[in-house]
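Naming follows writing order (A, B, C and D), and every chain is counted from residue 1.
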């Protein structure tokens, strides 16, 4: 159980930056400071670290700051070398006051300092802007992020759930004013949410070096098949404030997805893995992605999820094509189908 | 017939540039140097100018350069004040030789000079890159366009059929090297081709000031309903080299569109306008658009098309919603339908 | 004989610039204004152009300016479209006066204008600095080249026989002061001169986009085998001022090379081509090269040389390896053979 | 024994920087924290300092960090004025974790801080990148080094074992983004490893001011002649992990070098110095070098080595030429031996 799963081959650079990250990262959303006790949180982080995961992701908003507090306590207790792991946090929602939200310079600076204080760290490795903020000039955002880095409070900065256009604008402003451009975008990615990561982010990478970290490989647990018979009371979808998730599961579209998962379960059986492992391996196999973020509320679940790495090599082109015929979610570049003008030539 | 249709209200700035353009522009594609005689071309241009259209669009590739020659002759003959109208041309396909195509500095510089010579003008107002060229570094393209402007050969430059990412990259390079960014993109826009103009270009406008000029409001005549019973022999779709248009019209999707047009014809009747006028008015009513480019092969058609302006105020929200229910082409922002994470709040 | 040899596959971008050049270029060194009459020069240029060569190279120093005069006369007479071909010239030695040599701003500006006057052209496509000039600050050189381009006297600039360090310095200065960097280096390349082109220029291309044009694929005729029995009186080595070439041919090293060529002749025979054709095909097959410059003093020779293109596909890895065993000139990256320190690890 | 060997004439600027360094520097590789006890280390450092050596070189990787610990302890104990000496360390290999190696911003920042902690210093004078890292963008490296300097953790930065092209790229990026360029390169230099230092680094110095610090003047002891009869058990080549050194000594090339050293021993005898002293003096006599780094495991050896300075004036041109005839390692600028084109002139 303490076998190290990550060889050097399972490390990649985050985008075109020099930062080496494990193919799988461990996220604290919902769980730390919330769903799980501090004891379980410590167990989870320890297993993740021992297995070779070197990237722990949190956010100021997770459990109202408690996720950072719990993470910080564990890191302090474990005394792992600070240089042996990567911490990322995200800034956007930091409190109830009007000035404690968004990407104003005030909130970016105050937010990251509050996060560092909760984490009991001198710096995080990456600070993400947790959402774009159209009410703040891009120049203000990029200047604030550059300030944070120049203060030594973060090594790199990134974006989360930004459009490629917004990322490009940040890059453009960074180049114009000799500021520091972002290195990575956090984007949702799983069987039923593919377009941005598969079609748009590769262009970002090639043009400006911005890499992709993906989250929700299991679509909040939907892809494990556990909602096939409804909403189990122990599940996240049964939590307060997760009405939207329940609704989504029970929607017509949600039911259709459950049906597809039943077909995919056959493939998983043939490969000898679980639905969850197949879903994770399917994300990791995408070479345009620097890292897949995982969450877990039990050690068993985390171990199962990490073992998904062993199934990546089994995802042959035949298996992948079979999956596509079931999923029918393969995004295609916008075809000029409706276009009335073709290429000219002499 | 010489009634001026364009009040100042029907003039807008091209993007965030200072250039004032009429809501409707007159394009020479297919017609000038091709479908119509020089006499008809002169009549068309005169009517357009007299009605208040101040923008004439051409390209080096139109009729193999003859469109520019014809346009130039007419302008010379009419002796309108050069300062009273706007000429735009487009560069990409300039000849058979390998060096006479694309957006290399060589072709941009030689192409625009050849265009000016054919047009008998000292400068055009806007030079457009008629297509993106991924084989040329963006820095080379933006430097060449800046050179063209600094030589006095053009006042502004723009793009045509570029992706928003490519436009953003051009802007970024312009800012990084203190070069001149583009002011407008020419994009196809009509009932059946909406996504780029409605969803993406407004962001371009707000972020970097790039405006939108649209073309093909009638989808090469399809939206006039004239192809409802097949391909009339006098029509563009009957021309040599327009196989793709015929095929499109006769395709299953093409037939479906004809069916929708029959429903839309009822609305046009109620408004007292033609299908063509409704299609044009529908484009002009979009406030994110700086200008709608029109083509015409007869004076009657042009007059009919220009009169579409009078129906713009009649496109109430009820009428527009009715149209949407028929069209079913309303593009929506990539909805977070599949997304599992919502906005947080404290 | 007028068969077009160049398909689009035989066109490549010059470095990472957008300029499309034919794989083979035609150079005027020694021949134009010197070895051959104007009639032969015209024949040669016509054959080259008709076969699809779109690149003609000259220099202010060739035959004391006469090469440019002859080239200019022919271009004027033939009336080919200026946009269908590429002219490059080189500046360094422009006259006897102290101020007429080197890469001072004065000589670059005066030199290119004198070249344009001799060529009867308004601009060349590329102006090369024919040698590095350590007595002129790099900033002065790059500013002067940028001025030449901004005047419209050239489209691009490049270097000839510069060290990679000098090219890198030019690039660095261009980036520091927002000037225009060079696009290509002209370098000697043949069986017996390989290191710079094979080891150093690929790094230049990848780091800063500078491409390679090579010259002397036949090492001034040595690789044709014609000097195997001494110096024929009709040959270049018999010309006045070519002592150094005679000496080189007759040297011990020269004799050793002749011996190798006898072995290579066997391979040429097997492929069904001449020694010259094999030598040229061997250059063209190097994918790190944008273009191979050829010279010729007779139409027969030129046709033979151009036909070398047909043998490029026959240079399989087996043939190339066989050649290497004969040549023994394969340059290797400087091995740390003598190094006493190896990589550390923890 | 406390005679000061270093007059002002034996101080030079490091590259074109303002930092004044002694001609000979004292390095801690292999010895500190490894081969020698802390007592001997203190003696060595004291002798070096007393004789006028003002430069002490170490690296995070030397003896797994212990070299820095030992050096730091001695400096603390001796209480020499911090301003009277120069400390340099090197960053690249800082630990076993994937994130503790290479030149990512994370490792540069964490690495230098860990070094400072081991050294018990607030700053080093120079931080070197111990190897180039092609997996990290040059912009990230130069930004990180600039940050380190702006934090006050180092005064200058330099490179170690980088190619001149890589150094030039660092300089170019520094100029483009207004960051701080490197001041010196550490390169191996001795009788049998000369090309980079003699041919390439002078150009670096003249073009961009980067100076040269050389190491291994005795080629890990080979040049002392002590391996002439095999591998003495007390020698470095007998240490665990130095297989490569043993192999090199016993190789055919190694044997040839020993033979040359026997001839050189005759010259050393004539000058009245040891083989080691001659080898060191020969390095110091090279005016393109800012400093020669020496290591030593005994005080006797160190004193002998320092005394080499007295023999520098005795290395007349006759002696140097005699050495060359024995060594046959004099690198020449890539001669245009194979070149077919010479300088033109009018």
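Following the convention adopted for this analysis, contacts are C-beta pairs under 8 Å (C-beta built on N, C-alpha and C of every residue); 3 or more make two chains touch, one makes a residue touch a chain.
Keep in mind that what you see is a predicted model, and the values were worked out from it rather than measured.
Trainee: Suppose a student superposes the Cα atoms of chain A on chain D; what rotation angle should they report, nearest 5 degrees?
Mentor: 90
Trainee: For the copies chain B and chain C, give the interface type as same if over half of its residue numbers appear on both sides, and as different if under half do.
Mentor: Homomeric contact, different residues on each side for the most part.
Trainee: When the centre of a chain is set as the mean of its C-alpha atoms, what distance in Å lies between chain B and chain C?
Mentor: One centre to the other, that is 45 Å.
Trainee: Need the CA-centroid distance for the pair chain A / chain C, whole Å please.
Mentor: From the centre of chain A to the centre of chain C is 52 Å.
Trainee: Between chain B and chain D, what is the gap in Å from one C-alpha centre to the other?
Mentor: 66
Trainee: Which chain B residues reach two or more other chains?
Mentor: Touching at least two other chains: 94-95, 100.
Trainee: Chain adjacency by touch: line, ring, star, complete or other shape?
Mentor: Basically the chains close up into a ring.
Trainee: Show which residues of chain B lie in contact with chain C when the two form their complex.
Mentor: Against chain C, chain B makes touches at 94-95, 97-100, 102-107, 109-111, 114, 133, 135-137, 140-141, 143, 147, 150-151, 177-178.
Trainee: Hey, which residues of chain D end up touching chain C in the complex?
Mentor: Checking each residue of chain D against chain C gives 61, 64, 92-96, 100-101, 130-131, 161, 164-165, 168-169, 171-172, 175-176, 188, 192-193, 195-196, 200, 203-204, 207-208, 215-216, 219-220, 222, 244-245, 248, 253, 334, 337-346.
Trainee: What residues of chain A sit close enough to touch chain D in their complex?
Mentor: My answer: residues 8, 11, 13, 16-20, 22, 54, 81-86, 125, 149-150, 152, 155-156, 178, 180, 209.
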